[in-house]
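Presented below are the structures under discussion, each in the form of structure tokens.
In what follows, chain A forms one complex with chain B and a second complex with chain C.
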Partner chain A sequence: MRKNIILFLLFVCFSFSVTAQSFVVQYAYSKHVMKDSTKIVSQNTFLNIDENQSTFFSEAPYLADSIMTSDEKLGKKINFKTLPNNFLSCHIRKKLSSKGIIYYSDEFGEHEYKYSEEPKLSWKIGKESKEIMGFKVYLAKTRYAGRNYEAYFAPEIPIQDGPYKFFGLPGLILEIFDEKKDHHFLAVGISHEKRISIDALIAQKKYIETTKTKFVEMRKNHIEAPMKRMFELMNSTQIYEKKDANGNVVDVRKLLNETQRKMIEEYKKENKIEL
Partner chain B sequence: MKKQFFLFLALLAFSFHYCNDNNLFYKNDLKEVKINTVVIKKRFNNKIYDLKVSVGESFLGKVSSFSVEVLGNDTTLEKVLLANKENIKNNIVAITSMKSSAKGGKGNGMFTVGNCTSNCTSKWHCSDKPTESGALLCALDCVLECSRA
Partner chain C sequence: MNFKNKNNMKNNFLIALAFLLFGFATFKANSNYTVRNDKEYFSSFKKNEEPKNKKFNILNKKSEVDGETFYVIYKENSLGQGFYFKIVLDKNEKPIATYYANEGDQQISNSTVENLKKVVFGPDKAVNAIVETTTQCVTKCHRTNGCYSKPTSTGVLLCSAECGIACA
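For the complex of A and B:
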């Protein structure tokens, strides 16, 4: 009987501690705008931590969706050039119990991909410490996807989670950056109140399930010929001319060639987090 | 004994509930909008007024709000300012359509043709068009919109 009571009490304690872990961490994500560039751009990103999983995402797709909905309601033409871009090009969902993540791509538009991964993060915890948002944080180092990272974690917040795919330290990661500072995540706020969520956007999108290896291969092919599908459609439909908004006739082949060249140049310069 | 046990249980539950609201590590709130405030001096009718100007900062440091408040009890300047609503409206439109405004600013420091095109084709579901011609024409509209200056 006594054993049952203790077990019951433990269960009560556990369930309360679990509900207490539902909160959101805001990270300022900064990156060099391009490879070898000194210009830095930054964006808000959020880590929504729930009972048994967390979701890490940029505010950009959420903002873009809001702007498009608002423009449509007001009868305004959507200006796609001014919509915020997702600097991460993905959303990450983690299941810490299984040490696994699901990567949801956010860069191809209509056909997005998702893959599962169990990142092997081998952490070396150092003695250096500092303060971030009033928490004492300790240094830890790891290597992932071709970059060496330095992370600062807070043992006061006993959650083994962090931004992007990073996790596995004995406390929440409040800062992490690679040695070149090409990518930098810094916690700037923690709150109970989740004012922003990406769950609805993930739910309404169609994701093609794949593996990381296939995804990397597919992306490599895409950046070599991003307009490949458009050229195929042009040839099969034999549409070689089109009128633009001003009524001028546009040579479709020339337009696609020019656009593809621009896109390839952009891809060559891009500062991807995973090398 | 049983009663004591339930009392203990109730106390335990209450204490955890209480902890949940008050004893967590939330030392600050989300910084979704930062507001920068300055007080400037403005001469009007040979009198100097203090104006409190606040500028709200949205993502990427862009302007999301703007307010001017006349400090002190003298409401003369406030009345003069409010009298010309058309002028205020024009000024606000000019501010919100600036490059550094969250509403009107062009680009976010990371404009790419690829991102713009994928946002556009995704919004209009170009690949779901019933015919290949429809899909191509829809995507071409996006390419024209995104790749031209």
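For the complex of A and C:
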């Protein structure tokens, strides 16, 4: 009995010593580029863990910023087509004590949105195990937002966190993917050194607070007519022509129509993580 | 007579000693070969050498071209499972195939093989991190040029039209 109490106390002490530390988990996030595509694209994402909260984000906005800054310094014209995209189109902040997350959108031009959510993740822990980065990890399954997921968590790292909105297992999630492997997060590094943080970016940006239901509805409307605002402005200002850099006259209506058509096509094929 | 006997004895003793030394040297040489610790020996890459009596299975093959050279290395995971990896290179020194053999020559489960593939080659073959989409291009252009912060509606529209041209 006494031995058990000592063991329990040791475990608690160990858990606190780990959770009290700040550290960063780097995940390689790969996804099928479009809904029915076999092409896979990948980018680095980070989970910054601080005491009782964490932030999950893509490195793409940082890469894009540094490329733009460098282009500007060199007097080069920015090529927006080749800038890295944030494949997740969001940042996630978790408060593990309250089991809640805050979703910060990162995909619109005019406004960005934030909403709170308490994801109901019902985990089934299996017996299968393997190894990731030298940690023994165990299989657990759940279903979230229309997809069935398989996750591998490491009880050796007693933090109930993971990439994107995933959390709630008795150990850090080091790998998680849906059954179609449309989306796949794999831990590739753990460090105490915080190389980048999203906190300043979140603090300086103004997010419109909404609910998840309203956000989904708003997004649905947006992807049906992504250039709606520009068409309204064109009609109210009655500007239908514009000269390009070479002095050629451009038909604004035609340009907006073409841009919107391409965007709608892309939205139809998009491989969203939440269905 | 005694002197002759003593000489003979001395010679016999020297011959016996020479045989013993030769026998010992031969035994040592043979025993060195037979007890070579392959796990230790292959703990670093060895070129064109492989452990004897190991059956290598294909883990990944990119080309049907015959390899020019190969390297073998032994690695263990934290569970103590040991594997020999054989990497075959073409004439340009590019890897064209990877094979594995396990320490005990026992049957390896499919999930272990999949794990080995992940360890050696990564989770999946991701091609690149840049996807050219009009949506992302327009959004980034709008943000960077501050299109929605222009003081007039005309400014917003013309800025957006510029982005439309840049992303066409």
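Just so it is clear, the second predicted complex is superposed on the first by the 255 of 275 C-alpha atoms of A that agree within 3 Å, B and C clash if a C-alpha of one lies under 4 Å from a C-alpha of the other, contacts with A are read in each partner's own complex, and residues count from 1 in each chain.
Operating definition for what follows: contacts are C-beta pairs under 8 Å (C-beta built on N, C-alpha and C of every residue); 3 or more make two chains touch, one makes a residue touch a chain.
All values reported here derive from a predicted model rather than from experimental measurement.
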Joint occupancy of chain A by chain B and chain C, clash or fit: clash
Partner chain in contact with A:23 - chain B first, chain C second, else both or neither: first
Touching partner for A:128 - first (chain B), second (chain C), both, neither: second
First (chain B), second (chain C), both or neither touched by A:33: both
Contacts of A:45 with chain B and chain C, given as first, second, both or neither: neither
Partner touching more residues of chain A, whether chain B or chain C: B
Touched partner set for A:105, first chain B, second chain C, both or neither: neither
Chain B versus chain C as contact partner of A:191, first or second or both or neither: first
Chain B versus chain C as contact partner of A:54, first or second or both or neither: neither
Partner chain in contact with A:237 - chain B first, chain C second, else both or neither: both
Contacts of A:142 with chain B and chain C, given as first, second, both or neither: neither
Intersection of chain A interface sets (partners chain B, chain C): 33, 39, 41-43, 60, 64, 68, 78, 80-85, 87, 107-110, 134-135, 226, 230, 233-234, 236-237, 239, 242, 244-245, 250, 252, 255-256, 258-259, 262-263, 266-267
Chain C-touching residues of chain A, taken from the complex the two chains share: 28, 30, 33, 39-43, 60, 64, 68, 78, 80-85, 87, 107-110, 128, 130-131, 134-136, 175, 181, 184, 186, 226-227, 230, 233-234, 236-237, 239, 242, 244-245, 250, 252, 255-256, 258-259, 262-263, 266-267
Complex contact set, residues of chain C against chain A: 77-79, 111, 115, 118, 122-144, 147-148, 153-154, 156-158, 160-161, 163-168
Chain A partner contacts - residues on chain B that touch it in the complex: 5, 9, 12-13, 16-17, 19-20, 24-32, 59-60, 105-123, 125-128, 132-133, 135-137, 139-140, 142-147
Partner chain B, residues of chain A touching it in the complex: 5, 9, 12-13, 16-17, 19-20, 23-24, 26, 33, 39, 41-44, 59-60, 63-64, 68, 78-87, 107-111, 133-135, 156-157, 188-193, 195, 226, 230, 233-234, 236-237, 239, 242, 244-245, 250, 252, 255-256, 258-259, 262-263, 266-267
